[in-house]
Amino acid sequence: MVFKSSTFSLLLFLFLFLLSPTKPSLALKHPQKPRKPCKSMSFYFHDVLYNGKNAKNATSAIVAAPAWANTTIMAGQNHFGDLVIFDDPITLTNDFHATPVGRAQGLYFYDKKEVFTAWLGFSFVFNSSEHKGTLNFAGADPLMNKTRDISIIGGTGDFFMARGVATLMTDAFEGEVYFRLRTDIQLYECW
Amino acid sequence: MVFKSSTFSLLLFLFLFLLSPTKPSLALKHPQKPRKPCKSMSFYFHDVLYNGKNAKNATSAIVAAPAWANTTIMAGQNHFGDLVIFDDPITLTNDFHATPVGRAQGLYFYDKKEVFTAWLGFSFVFNSSEHKGTLNFAGADPLMNKTRDISIIGGTGDFFMARGVATLMTDAFEGEVYFRLRTDIQLYECW
Amino acid sequence: MVFKSSTFSLLLFLFLFLLSPTKPSLALKHPQKPRKPCKSMSFYFHDVLYNGKNAKNATSAIVAAPAWANTTIMAGQNHFGDLVIFDDPITLTNDFHATPVGRAQGLYFYDKKEVFTAWLGFSFVFNSSEHKGTLNFAGADPLMNKTRDISIIGGTGDFFMARGVATLMTDAFEGEVYFRLRTDIQLYECW
């Protein structure tokens, strides 16, 4: 074969560059995917738990409890076994009275006797000029930790097929009646 | 360096073509993924809720309710807090008596006081000559809307690792005892 | 245009090779993805159900039941409608007394009258020298089958954005008080 050496060098460079394993989209299997989010958002949601006296304002209620407890008063042993259904307003700031941009709807339950820990399955249902659609969440919430990561397992509408990670932070709480969660959303799969 | 200019042009073209951002699979990060489903299917499932009198026919039952309600009669305020476990037949047509191709198994709960809205976590468990395996679903179901999109978060067997979106439509209902949901499944990730 | 034929051949080869449809990562849509796991792990978790007498040792409790049952004794009809919240130790071997590497936390419920079948939504919360982070699971568990596949729908920490399939096997059980599940985890999406 006859090449001008400079032509050959360029071809070789091109070939190696395009097949380089450090280029994620060209590696044939199990590429290291980029951990840079394709979308980042931050919200607050506000939970007011029914306690027998606040029917008008409550946004959530205990609906299941273990044999040793009931559905009005949180169970002993760090509320182990209490399951709560909620419809909580989502706001852009930490102000409970800000205009909601959607609702956080789903369930949480306390699942450890020795320390406060919960598990969450819920959706953000957006209905604002900025966002229409839903994001679906699932995961463990060891709520005594300053930050907790849960999974964003899917989405619809503006968030069609999204996946990601949400970092939860307890921004405020008042006894067993009110808590406010900051939710930092990072989507890593956008369509 | 010495090139024939035509060779250089071709190399340049090749280089630019292969790295062009309009070619999704070659874009290095956050490519726009094709929204064409890799599989589409449509099913109906049928829910007969236990109401104290229909033990033989019921396919579902309330198992949790808020303090102001019970597990036999649906709660007031749009059933807020009622949690139902179901094992519903899946059919290819809207005929309740058609041979089921599988079962829809999981839970739903009503989670808003002002309007009927539910949240679903369930599986389609297929057992027919056409399909073996499962699809897993999660998401908000604002059931007064004509169509509602929920997430398909995973699958097994024939639907190994599947992801997608399911569009729910209330095809029929009879008071608080029976409803039939049409489920249009679009998978966007197939393995 | 003027080419040395050998240069042209190499260019042609390069062009065809890079665009070949048999190279999965370059196919433009719905590529057949490799079914080779990027990570495989095997664990056991141990569930001790509260039965009214074992408060000290119990790792789980019935918190919801249908109208015809209660939260202390498992319901008839294959426990249909019983919903259990659990915080179970995860071990590397089948020894209940082995040092746990984490906790399986979440819920399961029985959802069929004619045969034992359950549905699971839970997390593995790892806290060992080897693994930090969580894996989130959802799916149907027809527990009379020797093996059952459920979906791994997300992860955090060491398992950031993971997806996969978990195969469950009942490794042991004692009446209605204890069961041990072997969980073979295969991740097919690793980041």
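Order of writing sets the chain letters: A, B and C. Residues in each chain are counted from 1.
Everything that follows uses one rule, which is that a residue touches a chain if its C-beta (ideal position, glycine included) is under 8 Å from a C-beta of that chain, and two chains touch if they have at least 3 such contacts.
As the structure is a prediction and not an experimental result, all values here were calculated from the model.
Although subunit A and subunit C carry the same sequence, what matters here is overlap: shared residue numbers make up under half of all numbers found at their interface.
A rotation of 120 degrees, rounded to the nearest 5, superposes the Cα atoms of subunit A on subunit B. Separation between the centroids of subunit A and subunit C, computed from CA atoms only, is 19 Å.
Listed for subunit C are residues 7, 11, 14, 18, 25-26, 63-64, 83, 121, 138, 153, each touching two or more other chains.
In the complex of the two chains, the subunit B residues touching subunit C come out as 4, 6-7, 10-11, 14, 18, 23-26, 34, 36, 38, 50, 52, 55, 61-64, 70-72, 83, 85-87, 103, 105-107, 121-123, 125, 133-134, 136, 138, 153-157, 160-161, 190-191.
Put simply, subunit B touches subunit A in their complex at residues 1-4, 7, 11, 14-15, 18, 25-33, 35, 63-68, 80-83, 109-113, 117, 119, 121, 138-140, 142, 149-153, 163-165, 188-189.
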